[in-house]
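Next up, some structures in structure tokens.
Look for chain A in each of the two complexes below; its partner is chain B in the first and chain C in the second.
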Partner chain A sequence: MAEQRMVSAGQIECGAARRRPAKRSGKQTGTRRSQKQAYLFLLPSLAILTVFVFVPLIGAFGISLTDINIYMKGGSFVGLDNFRKAFHDSRVWNATLNTCVFTLFEVPLQVFLALFLLMFMMRNRRFDKFLRSVFYLPYVCSMTAISIVWSMLLDPNSGMLPYLLSKVGIQLPNLLGSPTWAMPTVIFVSVWKSFGYTLTILSAAALGVSPSLYESAELDGAGRWQQFFYVTIPGIRDSIGFCLVTTLITALQVFDQIYVMTGGGPLYKTETLVGYIYDRGFQTAPYNLGYASSIAVYLFLLIAVVTAVTRRYSFGQDDEL
Partner chain B sequence: MKKRKSQLPGDILLVLIMILVLFPLVWLYVSSFKSDIDVIKWTPHFFPSRFVTVQYAYVMKAIPVLRMLVNTVLFAGLVTVISLGVDSLAAYAFSRMRFRGRKMLFSIILLTMMVPFQVIMIPLYMEEYRMGILNTIVGLVLPRASSAYGIFMLTSFFRNIPSSLDEAARIDGMSEFGIYRTITLPLSKPAFVTLGIFHFMNNWNDLLYPMMLTSSAENRTLSAGLAILVGTHSIKYGPTLAATAISVTPLLILFFAGQKFFVEGIATSGMKE
Partner chain C sequence: MNKQICSTVLAGAMTASMLLGGMPAMAAETEAASSDPITISFWCNFTGSDGDVLREIVDDYNKTNTDNVTVNIDIMDYQTLQAKLPTAVSTGNGPDFILAGIELMQQYRDNDMLEPIDDFWKATGLDSSNFTDSVLQNSYIDGSQYGVPMQYNLQYLYYNKDLFQAAGLDPETPPATLDEFADAARKTTDASKKQYGIAFPTDYLNYVEFLWANGGDVISEDGTKNLLNSQENIDTLTWLQNLMKDGVSPESLGAAEADTMFQAGQLAMEINGPWNINGLNQLGINYGITALPAGSAGAFSPAGGCDWMLAKGASDETRAAVYKWMAHWLFDEVLKKWSMVNGFPVWSKTLLEDPDIKGNEILTDVSKASTIGRDWHLRLASGSQIDNDVMKPMMEKVLAGQDVKTCVQEASDALDQVIAGK
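Moving on to the complex of A and B:
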């Protein structure tokens, strides 16, 4: 794919070079008209994104410099006080750690599980197609619904799973109430919900890998596993990168499942950054939106840095645009 | 034959995972027909002692479910249709046209993909309040009428469509909009179906966003309305299960009806070429 694009870009440049003598007069008007047209194509989405994303984003920075509360009272300028306070707030560091732990386990687990299962689904049998649909089902449901179901299934007093496991001799602790197990459980449920989505994208990409590559690999004597590692995985590199970046961003913003299943507890062991923002802004007096916003700004910068780094490593091809 | 044999452990694993995925979902539906006692008793049974619909009756009475269903369909449907149109225009410009600031604009749009909703939620609320569109369907749809994700995905899709076709059309004197409408759009149907289902699903399932921007029960979406029920009766498991089943079912029906488009849709064209 990349080569093809490079070739066509090269052709365009050659064409421009050949036309160089006429360029001065001709190109400028032409370019200007096509530029204007391009901006027209962009106008609707840029207008919407500006009004409803960029302006609020700048607003968030502004609010983080005030001490405005949920009743729109206060609102005096406090400079960087909120950021100074956040820097010395142990719950911010705790939430950062929890967010990182969640992300560092959830993202690789999801992508590895998807790749691992894909390895057994490469023949695209009817059964494989059926499985792809089944694995996708949890992703269709809302995180709220999934979290409610799992909380009830794991409930130590009436839950189905502690009961079933006790019958085979496993005494399940109160997973969501245990400081040790709450986070792994939340990660498990998150992976359970989303791996099917990753799998769908990856298997679609895998089916798009040219059959001739497999044929030549087979001629060279590559077995099924070798074909997977040396043909499939390199062939779907871009899609793996895409999945990594999108699941990474989602993971750093984790909120719903934790809000429903543990509420950040026990002992703040599952409190994430977004959860803490929500708590300070909307749940706990004095509902300091200014302080909550300063943590939100910090989260935003964290995500920006992480994404910039990942993008650099996983989407070599995107540098072109 | 030998190859088939080596597949067996893999198949067993796949079946185990399939059970793990299906069990909670089936449990949800079966349990939503349990009576209050059946739901909370120890020892729990998978099937109710008697199938009853009291939980559904309770939920229907407690909230205006039909009205919320209409709101949800309107909200998710309008967002999907409008954003597909708006985002594909932008994606066309990014993938096919050369203009100043292209690289920078694309990076900035990608950056908005990383803005957690929680960061802009407070300013957005204040903004909608000033514009007077709070608690209206317009106020729900407009902020979602374009998305960085949609632009990003469609741009990568369009870039994988060979440009020889539109170069030929351009030589024949076709306008950029004509190329977009008659060549790029028809070739991108699978991407549109995929992205469309994605948008519809995400907005249907969204909780915090519609909950924050609407304040009256008759303007709420299904998920937000049900969440309030769940919130106020958080101890009662039975109605919660019925409410959860109601909120999940329409999307599951849509998925079963459209899964061919979805799974096969990405499969046949998503990453090809």
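Moving on to the complex of A and C:
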């Protein structure tokens, strides 16, 4: 039955083409021209993506099947040995767990904080714009610089925060040196730095929601909170999905702040997958790029699966990002 | 026949005259080639104040040398250097020579990154016997020379004389034994002032000196024997853990924080290399420097230093120019400047007689404390693996108060994996 429908649709198309050949041909020429132009515009980005993303990606897959080291020595084919070794490496599992913990807390916190603040900044007054700029500022700063600043602020012996809190009788523990507090502290700093970006995206989306919807809701007796939950949030659903997916991918690749603030410690409690990849490839003998690449491939697959699942549930089934 | 002989002799004479006549021209050409301007570059990780001094010495050389050699210096942090250098040298895009820690020389050599420089002393006409032999020996692997020493150092015990005096200790008699060290650490600790006797940083990679002091060890020099799981080591680490439990050191701090605390007068003692000296002098801290304290088996300190190394693929011209720079570094006036400003021990015998060197109290103390050097996995390509996968986790756990025997057992198992090459 389905085949019959397809055939008849094809026949109709063919018939239509036969009936209006000139017009059809003109449209096709125009479409092809605009397609060519589109490809030309895409070319620079594609070239950069090819050189800096696709080639290294394929290269990493290839390298993960060898035992090549950072000095470009070795390079013999070892099959799936690196993956088998990674499977039995307790530090890979520990890093996976830490990466997941970081992601599970950092992403929702960042999005919820942005949504919460958005509720009070819906009117787009001058003060709201000022606040948005202030919240966005940390995002444009280097993560390394911010991590250094927070490390200094939190230093238990010379940091300003422990000192000020001690003046009011609060003894702050060594947050970055404590196996219990190191990860929450890193998550806090990451959220503090990045929520401004999410807030900006969501604010822009919220401003695009039709005012007539708010007016209708108001006429129906909806309060401010109800308007936010039943008009704003459904109106910016796709933008929330976009923020979730992008922050999720970024969170799963977390590295800079942990490298600077804790170095993966104490006792590997903040060591993440990218940190461990860096350690095996560039910090610790035998600098095995093959093994590091196999963990990178594993991380790639993890991100691909998590992203696909998130996209499936963050956007409407018919929507596309 | 005569004609044949005559023509042969003539031809021979002509050829000989051509060759002989051409020789001075060739020699002149070679001379001209050797004095052709050449630029050589090196990479290093001297990101501190010592990097400024190094840059100054390079600039002086570039301005004053008559060899037509220009030296370019590229300073980057250690991790960047480690990540960039191997790939750059392997692909022919690296520097002409390298200034790096002697602990890296073995792996650089094993991975074909270095040129041997066995003809260095002969080519430069320098007298190698003027330099301390133990320092020079660090530049040789399997009888071949791969580097020229740039600086040499051990780990030293710094102590704050003011804090010692305030605690009733004699500031001119620093601790010489581990017992005296522990006693001084306890006496100078005052938690209410956030003042501590010593710092045991979790990322400090040289705790081996404590193990050596009491007759323990980690691995044999040839890297084949695991020596970690011994009663001596368990006893030493238990002693260290007890000191930590007594609160003589801040918890979970890094080596950089320890430097800051010593500079701020919050630490009475710190173990570190000589690179701290310049900063402490500039800050006007009243400090002393002495050898690491001795245990039941004596006093030892892991030897370290940096060497100039010629990168693989250097042309003859580059090699000649690099030799000139290396020879320049070994002049007493350059070594003197380096030692006087940065506090590194002197290893040139003629320089040791210099009145300025003899009159410098800190340098004299450093030189006295530099006689207890010992090889800490310098000839093992797996050195960083021993540091990162064995020693660092073990020390972190011991300092965090975990069961010492279990920590040592786990570290020993990890060391077995390293030795097995896994």
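Keep in mind that, in the parts below, the second predicted complex is superposed on the first by the 266 of 321 C-alpha atoms of A that agree within 3 Å, B and C clash if a C-alpha of one lies under 4 Å from a C-alpha of the other, contacts with A are read in each partner's own complex, and residues count from 1 in each chain.
Note that in this section a contact is a pair of C-beta atoms (placed from the backbone, for glycine too) under 8 Å apart; a residue touches a chain by one contact, two chains touch by 3 or more.
Remember, predicted model here, so these are calculated numbers, not experimental data.
> Is A:45 touching anything from chain B or chain C once the two structures are fitted on A? First, second, both or neither.
After superposing on A, A:45 lies in contact with chain B but is clear of chain C.
> Check whether A:69 is in contact with chain B, with chain C, with both or with neither, and answer first, second, both or neither.
second
> Tell me which partner A:177 touches in the superposition: chain B (first), chain C (second), both or neither.
A:177 sits against chain C, while chain B stays out of touch.
> First (chain B), second (chain C), both or neither: which does A:97 touch?
neither
> Of the two partner chains, chain B (first) and chain C (second), which one does A:300 touch, if any: first, second, both, or neither?
Touch partner of A:300: chain B, not chain C.
> Have a look at where A:80 lands relative to chain B and chain C in the superposition and call it first, second, both or neither.
A:80 sits against neither chain B nor chain C.
> Does chain B (first) or chain C (second) touch A:284, or do both, or does neither?
In the superposition, A:284 contacts chain C only.
> Quick check for you: in the superposed arrangement, does A:267 touch first (chain B), second (chain C), both or neither?
So A:267 only meets chain C here.
> Looking only at contacts as defined up top, I'd like to know whether chain B or chain C touches more of chain A.
Touching more residues of chain A than the other partner does is B.
> Scan A:158 for contacts with chain B and chain C and give back first, second, both or neither.
So A:158 meets both chain B and chain C here.
> Which chain A residues contact chain B in one complex and chain C in the other?
On chain A, the residues that contact chain B in one structure and chain C in the other are 157-158.
> If we count contacts the way the header does, which residues on chain B are in touch with chain A in the complex?
These residues of chain B touch chain A: 3, 6-7, 10-11, 13-14, 17-18, 20-22, 24-25, 27-28, 31, 39-44, 46, 85-87, 89-90, 92-94, 97-100, 102-103, 105-106, 109-120, 122-124, 126-127, 142-143, 145-146, 148-149, 151, 155-156, 159-160, 162-163, 176, 180, 201, 204-208, 223, 227, 230, 237, 240-241, 244, 247-248, 251-252, 255, 259, 262-263, 266-268, 270-273.
> Hey, which residues of chain C end up touching chain A in the complex?
It is residues 79, 82-83, 86-87, 90-91, 107, 111-113, 194, 202-203, 250-254, 257, 260-261, 264, 266, 381-385, 388-389, 393, 396-397, 400, 421 of chain C that touch chain A.
> Going by the contact rule set out above, which residues of chain A touch chain B in the complex?
Its residues touching chain B are 1, 4-5, 8, 31, 34-35, 37-39, 41-42, 44-46, 48-49, 51-57, 59-60, 62-63, 117, 119-121, 123, 127, 129, 131-138, 140-146, 148-150, 152-153, 157-160, 163, 192, 196, 200-201, 203-205, 207-208, 224, 236, 238-239, 242, 246, 249, 252-253, 255-256, 274, 277-278, 281, 289, 292-293, 296-297, 299-300, 303-304, 307, 311, 321.
> Inside the complex, what are the residues of chain A that reach chain C?
Against chain C, the touching part of chain A is residues 69-73, 155-158, 174, 176-179, 263, 265-268, 279, 282-287.
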